[in-house]
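Chain naming follows the written order as A, B, C, D and E, and within any one chain the residues start at number 1.
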């Protein structure tokens, strides 16, 4: 507990942000789901299966975004020893793993009609699978130590080592020829996707982001409180 | 004349505050005896002194230069903790020569043999580590401090498992080291003659129970917060 | 009134003859103090007594019945060696209750708590094993002998890592156990009050150097020679 | 009997308290299977052809790896000595620890297997038999492995040595386990294979604790 | 530098003194490869098709298993603390121990590989590339693995956890290593694959000791 640079300030801040981010999540999700289910046209090739995209693509973006953030937090935690950075990575991991799982599942659901198979071992798909394993490995590592501090620090090193995978995922479609289609939104020279599809996509992406922020705030708070309790318990062990 | 000192040290292990506001100072030829009941933080303080554990707050200084992030600090000390670092498949002499050579001894094997003799166990030189009794292993561990020179010795309960003759030997060795300008900090529950040693009672620095030391406001978030 | 005795014991560890021709006898209420310099065979003798090590020659008897191949022997003793058998993830109380229940205590948790209190550390009951200091761990280990009943206690250097208050406590506990008809055999290098204890100086049973005891002719080749 | 159950309960508690033990063994299993397509290449028909074999080999290695620590921590911290001195017979100690080990690692592995089979394009016809074969085979693996874990106790490099001693004994389990699935996939009856597997289990159940106990007694001398 | 060599020499001596360390890793490698025909069935053309992949996966697992103890014994007996306090920088400690590990396990593995390839009916065209690829790949495996070994120091279930962390990072080595052989067998140039492998090694050589040293420092806190 003593380790938090200033947990009190963090708790105040999170209490102020949380209602807003939670509210925004609900509103954005409703709007996004409406737009993607009813407010956008079916694809001329894919028909209604294209609607999987509004889940799949934001989830894929989030899986990369969350990992990158965790790696940055890990660097901050290692170099400046900022305790909140450590807690952030630990709190974000399950959420990131969840997004990655959603990306994998929706991807293979989409793959069945589009490619005729649930799964192929191509570069994009496998590198995302590796990302998923990195998330799981991180979570296992963090919890594998007698001292939670040690777990978090070891996890930080792993996060930094694993960051090499992120550019591989992002550029796998360009470097190797894969079944998966190349980027059309986040690319040099602007998006090449129709705005009727772009908008619902962006709204869903925003909804996922606010969801992520809310959950992480909650989890960091829970962790801080759990450690307070632990401290109280251990201070009885004096002597 | 080197001086090793610590100011306002606070030690946190896990989430437990072990001691706070502790100061110490050892000068050339001096000795520090760490006393206190079980769990009062003697081992923790020695690890802090060795640089194996970061103090939560406070600073350590060698000749007035901060020793915490000093790469040289390890070379200035010999640390003997509860673990013995004895490899079961290497003989006592091989075990010792390796550490002697890393410590910078000119003739590692010779220095190692001399150290074993000084500790009264030349006959174990060729015995593999796994056959040593508790006390023989302890003597081998202690021989490490003799096999290579270092000004500051940090010994955590060095007399454990030693018979009386060995304790007398150790006292002689410590006296000699101090006479040559060396420093010693050691923890013990047993009687050991350490003339002129300053005593540090760890239980005097225990945080008052219930007083949860208001670290939140104090912690300056500048990196010292790592436990 | 049980009696535990050993006759003409010879102990071989690896290729090394540790002691030969050793006899001992402990009666109900009695105590045996194992003394001797490092490497003289105290720990070896205690392991032989516990049945963890087979004597190369000689026999052990409980009430005149050979105890060597007796399945009951384990149930009659408490052995506390150098290893502490403390699981880092279980709390002190959980650690202790498990052994209490295996030892046949009727109310393991209650017996364990009472034992911790007796050893002056009720406050560590809820602390996981990994957070205990050397002395706290030792007290927890010693609490095991109180948590379930057994007539014979075999303690290998029990005072190691204990502070003075704890040594006094231990002396009281030993006296009580003996007053109730129990027996104690313990090795130590430190001072411990054990009134009326028989002393066994292990160095008196060391095989004469050079005299390599003609094991070949004596060894009866019936499988007891396992080291 | 009471002591036996107490020991199982304590080992389960240790496993659960230590966090994600069960998940980790399964994760290794999963990773091991996932490695194959990288080495062999992604052709679906080849993968489907070798799926049963790969899954069984992975199960075997996962069981092997997690078995390494079966007695090791108890040995190193002195608990094993105390267990040997306790009223529980050594055979029961071995059986209790093996049972706890299987509950923590074998069971999740059985659950994960069908998903991996899907990833490797195995035909659905093999799934039922796969689960059944693993359900009979993994306890046998744990039992056989316990002998090796006991034998290598105290040996440095225990893990690798253990693998060496035990892998040959694992081979029959591997053959019948993979054979049952191949039979099912080729529309033959998997029964004979499964019966042989069950026979192995039946033989290991009394023999492994005996051999393990003997090896443990040796290790403690 | 003198300290570095002393550490390598001591680790080699420990490995040799402890008996058949080198042989054990190779033996595991061999057994692992030999298991496959049992799981997959003995058809020669299928075995030849998957030979390169199986050999690489086995090499990977053998390296993994033997890596587990890389720092463990030094950590548990307190040697690592003393090494940290010594004049040798922690990065050099990691590099020295990894080098010793590779000399003891990687080199014999490279020697054994062609024989196994023969057993699995691999065409002779692939042998040279197999050895070359292993010669570049196994030091990379040891280096990457050393990060994992340092990270999992003091963790519960070290072995399985290590596998979980390291196997994903091993995958690129596996892909390029097996790819080189496949290329050679299909009369294509293995050069690009081998160059990529060499690139991985070149990247791991400075980065692994850095990451490993950082992890070790934390393990000691």
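The rule is simple: contacts are C-beta pairs under 8 Å (C-beta built on N, C-alpha and C of every residue); 3 or more make two chains touch, one makes a residue touch a chain.
What you are looking at is a predicted structure, and each value in this text was computed from that prediction instead of being measured.
Peer 1: Using only Cα atoms to place each chain's centre, name the chain farthest from chain E.
Peer 2: Most remote chain from chain E, centroid-wise, comes out as C.
Peer 1: Going by the average position of its CA atoms, which chain sits the greatest distance from chain A?
Peer 2: Between chain A and every other chain, the largest centroid distance is to C.
Peer 1: Indicate the whole-number Å distance between the mean C-alpha point of chain A and the mean C-alpha point of chain D.
Peer 2: Spacing between the chain centres: roughly 34 Å.
Peer 1: I'd like to verify one number: the distance from the centre of chain C to the centre of chain E, where each centre is the average of its C-alpha atoms, in whole angstrom.
Peer 2: Measuring from centre to centre gives 45 Å for this pair.
Peer 1: Could you please state the distance in Å, as a whole number, between where the Cα atoms of chain A are centred and where those of chain C are centred?
Peer 2: Centre separation, chain A to chain C: 56 Å.
Peer 1: Residues of chain D that contact two or more other chains, please.
Peer 2: Residues 18-19, 24, 27, 31, 38, 41, 156.
Peer 1: Give the residues of chain B that touch two or more other chains, as numbers and ranges in rising order.
Peer 2: Where chain B meets two or more other chains at a single residue, that happens at 14, 16, 37, 39, 82, 89, 226-227.
Peer 1: Mind pulling the residue numbers of chain A that touch at least two other chains?
Peer 2: 126, 133, 136-137, 140, 144, 146-147, 149, 234, 237-239
Peer 1: List the residues on chain D that touch chain E in their complex, please.
Peer 2: Residues 18-19, 21, 24-25, 27-28, 31-32, 35-36, 38-41, 46, 49-50, 52-54, 56-57, 60-62, 65-66, 68-69, 156-157, 159-161, 163-164, 167-168, 170-171, 174-175, 178, 182 of chain D touch chain E in their complex.
Peer 1: Which bits of chain B are touching chain C when the two form their complex?
Peer 2: Contacts found on chain B: 13-14, 16, 36-39, 43, 82, 121, 131-136, 138-139, 157, 160-166, 189-190.
Peer 1: Within their complex, state which residues of chain E touch chain A.
Peer 2: 147, 151-152, 154-157, 161, 164-165, 167-169, 171, 207, 211, 214-215, 218-219, 221
Peer 1: Taking the complex as given, what residues does chain A use to touch chain E?
Peer 2: Checking each residue of chain A against chain E gives 78, 126, 130, 133-134, 136-137, 140-141, 144-146, 149-151, 153-154, 157-158, 160-162, 165.
Peer 1: Which of the residues in chain D come into contact with chain A in the complex?
Peer 2: Within the complex, chain D contacts chain A at residues 18-20, 23-24, 27, 31, 34, 37-38, 41-42, 44, 118-119.
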